[in-house]
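Labels A, B, C and D are assigned to the chains in the order they are written; within every chain, residues are numbered from 1.
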């Protein structure tokens, strides 16, 4: 079956679903989102972008942004970054602080909140938050080839007021000497980075640099592309990473806004969005849609 | 560069290494192994098998056997198996019991010891240990196309006498009603399964059913092949799985005997063996050799 | 009010209680006990023993026995015992194995199961189980001045068949080299020690050596009496020890058979029994009755 | 031997000690304290106060202040306080955050930092920090009968700048809805409460309300006195509480400034101070001195 037809089918199936998960409640701006939305876009290695549903609706990418800051930080620090953060799945939820204590302030990987805060702290070195965010936006806009992508200040401000768990993580990191800046400084940047808004079409295009195929934007070396994909596979869905690898077979990174970026190495970059989350904090319909797509296209890195 | 030449180079580099890790000490039979051995074999999808070093020397495959019992158990129970064992990386060492308590007797995945004991317990249902082991040996011999593969009874008996950590796990599982048989019955089978001996050439051939390529032995469905590869990627190296995925980029399963089975979907099955272990319990030179091979062949599932 | 009258009141109040907790279900012999029983006895420093209710009914003392084995082991090893077991509250349930892993096989205190198994293992050194149990029974019978106290072999045998959690603990200890004997050997003794049966009158008398008052049986030094009382205060009720100290203000040791031994230093030894347990595994009515007694007699070590 | 002579002996022994522990390093003001100081004072139920060494030197009472805020909070909320904080030993260090996650934001007891922050948050309800601190100082000054006791603002300010671990705890509590005020508001009060300075003589006098003897200041009911003493016994020395109970046999509360308040119910209130800490964060010489005093006076609640 053709990809376009597969996407159309998936869009129809998703539209009819009644169980749509629960929209993230802890950020007022996200809690108000209508859960009946679903969009999906596929950017192929040949340059085409196919989509279905609400694929042009911008949404808060939240933790999907961690992929871009990791790419920036690896570009700047290389393997030295791994002195401050690990590369292992955490076996805990995204905002767990327990392991920080057990492992002396070294977060398990760059995709759980504690690890992502360290990565943001790293790219802040020598810059103001404004400069660091400008560098990040330049990276994302270049990858997407779209200058209209923006940060939603309302969402960032809102999270700054309610993000006590993240403040707790940042102060803990600081108390272990694994935060170079004052918690407020690093978290201000972190909350803005999470508040980037993109549509599925934009996000799918932004992910093309991870396809590792000629003709695609080359933002980082092939080696680093492979390594970021590896981290997305083992750690991209928090304590649901094993299940995602089992069911979908592709590296992906989810965000609490309901978006997921999925990479088919050599072939495609997929973005899916539906605001309702499953009990692990990943988009419920998004995960199901990607699983269907992978099965019907036979896209899997595992054979 | 040709694959044969790459293997030869790797063999030479490994021969000159002084830091070879530490041979597993807790089983007397394994503790006596000479650490200066190294072998590697690659079974290609076109039927060729290339090798270097001590690739014909039989070694105790230990936990690599968990891949074969998992294939058997999935064939028999399908998704029902996941009621008794999870699919998530553990973030703990291979013999941790801590999570069993936190998660009420459901092991995190089928590759840590607790999970593998449950899988063995599952394939024992309705059989004697002798019958279950015969089924396993038939599976392995068929996959390898080699009837000479055997179980080393000495190793199994030795582990039975000293394997207190595994007895602890099994009794704990039983106390949570997640073991159908008496611990001694299930563990007797488990210790024998771990005591299978194979050479690198044999193990590489045995892994061909996970390549998912026409012409290769088809022991299980393509879907299951992908899923077992996914589990090997996220959980195959215990608390070093993230690091292995990052450095090597291929699904693999290690054993405390110093062997590792690695799959290159669509292309090859690799077996490597060197008895010295790193601090996570995986073969030190084996891991390094596979990383070199992956880099020089550009084999990676991640692009 | 006179003590006799207080006891009578408490007996009446307990008889009318409908909420009596749940009888321990994991040992068949204990599960069959009628929960409508309640007994209490107080052995005073002046030699009198007062009682109420089913105070002459023998019951399985279970973990209360740990006080007597600890007294024996301290007598034999002194402070050397603390190389194998700690003296801190565990903050976990009685049969937790989690901390054994975190703390490398050194149980937190001698009153949780893991610690008590180590203590039993210590008193077994150089003896057969039969001899060690004979020494224990001599100690208990001498303390009580009653030669009729016995071990219920049925209960011991039953626990041997179903005590998988304890087997798990013992094998774990052995794997950490903190068990001198084979698990089966130590646990056989441990299960028999727990299966001692005594009535409240007997148990109250057996506890008199912990009153530390002239005229009372002197089985161990005053210093050791104080130290055992201290351990009963901080660790005697598992993860309910803080609550018991807060509400009752006296050192005590509970058993899953529904018995509790409580010491009023300088004044009295109290035994209470009611088979129904609260959610922490301590006798529900027993705890409430001791709290009443302490309040009405103003017995408290805390002022 | 007379108490005065015992104190003199202890003072001499402590003066000659070379191993004095390590002064707390994380607050600059405390780090600068000369470790060669030692003082001890005993306030007896008959009104006398005996002392030795640097017993008139003021020091930062730090966590000893938690006893006074707990008394205030229990007076105001009674048992309702226990909805927000537990009464069990923690089995972890004073500033652990791990259990907060495992137990959903309910600190284990009011003496670990997380619990004490909740208690301070409770006494802040309906007051400004200034008013709450005034109430606390009135309580302490009345108990001591000394209006000269003060808060060292420098220490409080210093801790405010460096207390990232406490900020982490407070934000975590807030994210679990167990903090009524903004972290900065509650912590500002908490840091000031910890910065109260008292000499041993003052602190021993301040503790007299916990002796529960006629003629002593009666600040709270006898029942509450017993309960606070019980909490000091089971939780007053963090993960060294069991050891302190075992060695000393008296309820006590230590502070990171090197002070310890110890109660001998019905007899005396003891304050000891020496700035060097042992590896659990309790005064090294202070603990040893109290152990000597308890042994030589035969003061013990345990017989």
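Just so it is clear, contacts are C-beta pairs under 8 Å (C-beta built on N, C-alpha and C of every residue); 3 or more make two chains touch, one makes a residue touch a chain.
What you see is a predicted model, and the numbers here were worked out from it, not measured in a lab.
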Steps in the shortest chain-to-chain touch route ending at chain D and beginning at chain B: 2
Computed over C-alpha atoms, the centroid farthest from that of chain D is that of chain B
Rounded to the nearest Å, the gap separating the Cα centres of chain C and chain D is 32
Where the CA atoms of chain A average out and where those of chain C average out, how many Å apart are those spots? 55
CA centroids of chain B and chain C: separation to the nearest Å works out as 46
Chain C: which residues touch two or more other chains? none
Tell me, which pairs of chains are in touch? A-B, A-D, B-C, C-D
Interface residues, chain D side, partner chain C - complex: 86-92, 99, 108-109, 210-213, 222, 225-227, 229-231, 233-235, 239-243, 245-246, 249, 251, 263, 265-266, 300-303
Chain C contacts chain B in the complex at 96-98, 100-102, 164-165, 167-172, 174-175, 183
